[in-house]
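Consider the two complexes below, in which chain A is the common component and chain B and chain C are the respective partners.
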Partner chain A sequence: MAQIALNHVTKEYNNGRIVAVNDLSLEIEDGEFLVLVGPSGCGKSTTLRMVAGLEDATEGDISIGPTRVNELEPRERDIAMVFQNYALYPHMNVRKNIGFGLQLSTDLSDTEIEERVEEAAQLLEIGELLEKKPKALSGGQQQRVALGRAIVREPEAFLFDEPLSNLDAKLRKQMRTEISRIQEQLGVTSIYVTHDQEEAMTMGDRIAVMNDGELQQIGEPNEVYNYPANLFVAGFIGSPSMNTIETEVAADGTHLEAAGGALTYDLGADDHPDPDLSPGDRVTVGVRPEDVSVRAAAEAFTDQTHRATVEVVEPLGSDNLLYFDVDGASWTARVSPAFEPEPGDEVAFSFPRDALYLFDDRGVTVESRDLTDPAEAEQVTAADGDGAATR
Partner chain B sequence: MSKANQSTALPRPIRRYGPLAVLGVFSLWTLVPLFWMFLSSLKIRKSMFEFPPTIIFDPTLRYYQDMFLGSNPVTPFLANSVIVALGTAVLSVGLGTVGGYGLSRLDLRGKKHLAFWIISTRMAPIVVVVIPLFYVYKTAGLLNTHVGLIIAHTTFNLPFAIWLMRSFFDEVPVSLEEAAMIDGATRWQAFRKVSLPLVLPGMGATAIIAIVFSWNDFIFALIFTSNATQTMPVAASQLVTQTGTLWGQVMATGVVILLPMVTFGVIVKKYLVSGLTMGAVKE
Partner chain C sequence: MVEHQRTTEVSGVSTDAYVGEEPDDTGESILESLPISFEMVLLAPSIITLAILSIIPLVVIIWLSFMEINFTPVNEQIFVGPQNYADMVNNGNVWDAWKATVVYVGGSLSLQLGLGILISVMLHRVIVGENVFTSIVIMPMMIAPVVVGLLWQFLLDPTFGLYTYMMNQIGLFINQPILGDPNSAMAALILMDTWQWTPLIVLIVLAQLKSIPEHLYEAARVDGATGFTQFRYVTLPLLKPAIAIALLLRSMDLMRYFAKVFITTGGGPSNTTKIIGLYVYEQGLRFFNLGYGSAVGLVMLVVTILMGLAFVEMIMGGAGDNE
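== the complex of A and B ==
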C-alpha cells in the first residue's frame, strides 16, 4: 500500500494542441479512496491512465510510494486496474483470468497461485464460476471477476476506470457497496474514475472534481457538496443540479436583481451578514432543489416569494421534482410527494437566505449555504416543513 | 412496418423461394462442371463426348492409375504444390500477423495511406509483374526453386493477409492488452498470450486464403518453375500436347487438384466462417 502523488502533471496531445490534463497536483493518502469525477472529456480517465502507465505524462511527476514512476512500465508499477469493459481475457476461464497476473509477475508456485485465486473468489462470492469462460457470465459476474483479478495481486494501488457504468442501476448500487467494502477491508489506496456524481459522493473518502483538464476542487463529499469552490462544482455535484440564475447587485447594495426582473432577492434578510458586494456586480445566485419551498397557491408565504409556472412534474416516489422556468433558467424543486401540481399551474416559491450560494462573474464562490449552526439549519427545515413544502 | 413498405414488398412466395432459386442456379452453375469433370475422369475416352452425356456407365480408374503409377507420375508435382502452398501459408500468416498487428495498434501519422499503399500492391495484375520478376529471379538464382515460388506467392498474398489480420486485431480491444500489461506482461507477452490466441480464427482464415491462392496459381508457377519444381496446375496444362489433349488425364488431374482443397474447405468451414465474421458485431 502506498501514497500516490501527482505533481504538476500535464498531458498534451498533438504537440500541445489538445491539453487533456493541465497542471494537476493531487495527493492520495495511503489507504485512501479517492474518486476522480467530472464530465466526459474532463481528463479524469487520462489522469488515471497516466498513473497506470498506459499514457505518458507530458510534464510533471507521478509517484507511487517513494518511487517516481514516470519512466516505469505498467507492469513495474505494482498496480491493478479495473476497466470499464472489464477487459477479461475471453480465451481463459475465470480461474486463469484471475491467476494470470500472479503467473506473470510473481514466482509463486502453482499451488500458491491456486490458493490466492480461491481466496479472492471467495471474497467476491464467485467460487462456483471459476471454470467458466467470461462469455458465459453476466455483466455483474464479469465485473466481479475483473475485481478478483485486481485484488488477487495485492497491489500497491487499485485503479478503477468507470467500472460500473456498464451495469444496470440496481446492480450498480450493489457493486458500489461491494467495492467500498472490499477496499475498506483490504485498505488498498484507490483511485476511482467516474462521471456519476452520485457514485462519487457515496464511495469516495475524498472526491476530486475535474473539468476541462483542470482540478476544480478536492475534498470530502459533503464538503464539496456544501461548499463548492465554484459554479462548475456547484452544478456538477448534486442531483438534480443546483438552480442558478444570473443577477446584478442593485443600487442599494443589498438587493439582487435578475436581468428579466423575474426575481429580486434581499440579501439583508434574516439578519444575515452581507457578502462583500458592490452595486453593479454581476452575481450568480444558486439554490439547491431541496432548499426551494413551493406552495400551490400563488400567494406570498414568506417575505421573499416568487412566482413561476410549473412545466414538468417528475414523481420519484419519495419526492416530487417540479421543473419551472425562472427568467429563462430551468429550475428544479424537490418537494413532498403529497404536493402534485399540474403542469401549467401557477405556484409560489421561496428559498431561505441561509440556503443561498453566490458566485462572482468568474464563477468563483463568494458565499456558500450556511450550515454553521445546526439548530438554525433545523429551524429552517421545520419552517419549510409546514404544508406542502420541501422535505 | 408502414403501409408504404408493405405495398412495395415483394409477394410472399417470391420472398420465400426467390433466394432458393437464385442459390439453386448458382449451385448448378458451379457444381455441374465439377460433377462433369469427375464423371469424365472415370469414363473411357469414347463415352466422354457422348451427347447427351451418360450418367450411368462402367467406370474406369485407369487415368488415376496412369497418373500415380504410370511412366510419368504426378506425385512429385503434388509434393511441389503442397510444399509451396504450406510455405506460402506460413510466411503469409506470419508476416501478415505482425504487419496487421502493427497497422492496427500503431499510432502512426498517415497510417491510412500506408495501409492503402500496402493493398494497392495487390491491384496490379500478375502478368504485369511476371516479366520484371523473372529477371530479378534469374539474377538472384531463384528460378526453378521452391523458395522462389513461395516468395512470389507470398508477395501477392501478403497485402491481403496484412489487411485481414489488421481487421482481426482491430476487433481485439486494446484494453485487453493494457490489462495484461498492468497484470505484469511485457508488450510481447501481451501480444502473444492475449491478442494472438484471440485472432487464431483470423490466422486460420488467412492461411486458407493463402493456400488456395498458391495451390491454384498458374502464371507464377508456369514462368518460374521447370520440371523439378512444377506444381499441379502447370503439370495439368502439359497434358494438352501438340498431338492432342489427353482428356481423361486432364479430368483426373483436375479432380486431384480440386479434391484436397474441397476436403480442406469442408474441414475448416466452421473455422473459416467464424474467422471471417468474427467481430462483425460490436460487443
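== the complex of A and C ==
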C-alpha cells in the first residue's frame, strides 16, 4: 500500500497545442479511494494513464510511495489497472488471465500462483468460471475477471479506468458496491476514473472534479455536493443538475434581478447576512432541484413566489421532476409524486434563502447553501410542508 | 393442429386464440411443389461450374490412375488395377522427388513465415508512410511466377548475373554456377519463392496485427510484460489464425509448384531440385505415362490435403475450441 502523489503534472500533446492535463497536483492517502470525475475529455483518464505509466507526463512529478515513478515502466510501478473494456486476453482462460501478471512479475511457483488465483476467484465469486475463455462470459463476469486480475497481484495501488461504463444500469450498481467492498477489505490505495457523478458520490472517500484538464475541486462527496468551489462543480455534481440563472445586483444592493426580469430575489429575506456584493455585480444564482418548492399557481408561498409554465413532467415513481423555463434557462424541480401538473400549466415556485448558491462572474462560489443551522432548516421545511407539494 | 391444441390445453391457455393464427396453407408456388428447395436452385450454378471445372477432372484422374495408356495408333487403354501405385512405391525417383519437395516446401515455409512475421511486425510499427512501405513490400507478389523465374535466372546467370557477380566478389561460386551446384540450386529456388511470396504472409499477418486491440498490450504492460513477453504471450497467440491461413495457402501452393523450377533449373542439377510437381509434369506430359503420372498426382493431392489439415489442427487446436 502506498500514497500516490502528483505534483504539478502537465500533459501536452502535439508539442503543446493540446493540453490534456494542466498543472495538476493531487495527493492520495494510503488506502484511500479517490474518484476522479469529470466530463469526457477533461483529462481524468490521461491522469490515470500517467500514474499507470501508459502515458508520459510532460512536466511534473508522479510518485507512488516514496519513489518517483516518472521514468519507470508500468511493470516497475507495482500497480494494477482495470480497463473500461476489461482488456482480457482472449486466448487465455480465466485462470490464466488472472494468473498472467503473477507469472510475469513474480517468482512464485505454479502452485502458489494457483492458490492466489483461487483465492481471488473466491473473493469475486467466479470460482466456477476459471476454465472458461473470456468470450464465453457475460459483461459482468468479464469485469469480475478483470478485477481478479488486479486483486491477485496485491499491488501498491489499483487504477480503475471507467470500469463499469460497459455494464447495464443494474449490474453497474451491483458492481459499484462490490468494488467498494473489495477495496475496503483489501485497503489498497485506489484511483477510480468515471464520468458518472453518482458513481463518484457513492464510491469515493474523496472525489476530485476535473474540467478542461484542470482540477476544479477535491473533497469528500458531501463537501463537494454542498459546497461546490465553482459553477462547474455545482452543475456537474448532483442529478438533476443545479438550476442556475444569471442575475445582476439591483441598485439597492439586496435584490437580484435576472436580465429578462422574469425573476427577482430579495437577498435580505430571513435576516440572512448579505454576501459581499455591490450594485451592478453580475451574479449567477444556483438552486438544487430538491430545494425548489412548487405549488399550483393560485397558491402563494410565504416566501418570495415566482411563476413559470411547466414544460415537461417526468415521473420517477418516488418523485416527479418538473421542467420549466425561467428567463431562457431550463429549471428542474423535484416534487412529491402527488403533485402532477400538466405540461402548459402555470405554477408558482419558491426557494428558501438558505438554499441559495451564488457565483460571481468568473463562476467562483461567493456563497453556498447554509447548512449550519439545522433547526432553521427544519422550520423552513415545516412552513412549506402544510399540504403543499414540496420536498 | 390437433397436437397443437392439446399442448395448449395442457398449459391451461385457451386454444381459440391460437387456432386463428395458424399459417395459411394456400398460395403455394410451383417451386415449392417440386422436390427441390429454393436454396438448391441458388446453389445449382456454382455446383454445376464446380463439377465441370473440378469434380469431373478429379474423377478422370482417379480413373486414369488405374489405367495404362499407350499413345499408339490404336490408343490402347488397359486397366492395370493398382499397378501404377505399386510402381510408385518401388520407384526410387519418386522418393527422391518427395525428398526434394520436403526440403523445398519445408525450407520455403519456415523462411517465409519467419520473415513474414518479422516484416509485418516492423511494418505495423511504422507510423509515417506505412502504405508506401507496404506497397513496396507486396510488389514481388504481383509478378507472374514465370517472370520471377526468368528474372532470377538472369540475376543468377553464371556469366552476366548481378548476384553471381556479387557472390564472385566474395569468392563464392567462382567455379560452379549457382543454379548448377546441387547444394546452392535448391537454396536459390527457396530464396526465389521466399522473395515472391513472403509479402502474402506479411499482408495476412499485418491485417491480423491491426485487429489486436491496443488495450491488450496496455494490460500486458501493467501486468509486467516486456516487449518480448508481450510478443510471446499476446501477439503470437493472437496471430495464430492468420499464421494458420498463411501456412495453409503457402503449403498448398508450394506443393504443386512448377513454373519457377521449370524455368530456372528444370529439375537439375542431377534431379536435386526435381520437386514432385515437376516430376508429375515429366511423367504425364513428357514421357506420356498418363496412368502413372495421374497416380502420383493423386497422392500429391492427398498429401496436400493432409498437410493442410495438420496445419489447421496444429495451430488452431481444432475448430470450435473457444469455450
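The working rule: the second predicted complex is superposed on the first by the 388 of 391 C-alpha atoms of A that agree within 3 Å, B and C clash if a C-alpha of one lies under 4 Å from a C-alpha of the other, contacts with A are read in each partner's own complex, and residues count from 1 in each chain.
Following the convention adopted for this analysis, a residue touches a chain if its C-beta (ideal position, glycine included) is under 8 Å from a C-beta of that chain, and two chains touch if they have at least 3 such contacts.
Note that this is a predicted model, so its numbers are computed, not measured.
Participant: Do chain B and chain C fit side by side on chain A in the superposed arrangement, or is it a clash?
Facilitator: clash
Participant: Report for A:Lys44: first if it touches chain B alone, second if chain C alone, otherwise both or neither.
Facilitator: Touch status of A:Lys44: no partner.
Participant: Once the structures are superposed on A, label A:Lys133 by its partner contacts, choosing first (chain B), second (chain C), both or neither.
Facilitator: Once the two structures are laid over each other on A, A:Lys133 reaches chain C alone.
Participant: Mind working out whether A:Arg288 is in touch with chain B, chain C, both or neither, as first, second, both or neither?
Facilitator: Once the two structures are laid over each other on A, A:Arg288 reaches no partner at all.
Participant: Once the complexes are superposed, what residues of chain A are shared between the chain B interface and the chain C interface?
Facilitator: Touching chain B in the first complex and chain C in the second, residues 52-54, 73-75, 79-81, 83, 85, 87, 89-91, 100-101, 104-105, 149, 153 of chain A appear in both lists.
Participant: Mind listing the chain A positions that touch chain B in their complex?
Facilitator: 52-54, 73-75, 77, 79-81, 83-85, 87, 89-91, 100-101, 104-106, 149, 153
Participant: Any idea which chain A residues touch chain C in the complex?
Facilitator: 52-54, 73-75, 79-81, 83, 85, 87-92, 100-101, 104-105, 132-133, 135-136, 149, 153
Participant: Would you mind writing out the residues of chain C in touch with chain A in their complex?
Facilitator: My answer: residues 213, 215-216, 218-226, 229, 233-234, 237-238, 240, 322-323.
Participant: Over in the complex, which chain B residues touch chain A? Could you list them?
Facilitator: Of all residues in chain B, those touching chain A are 173, 175-176, 178-186, 189, 193-194, 197-198.
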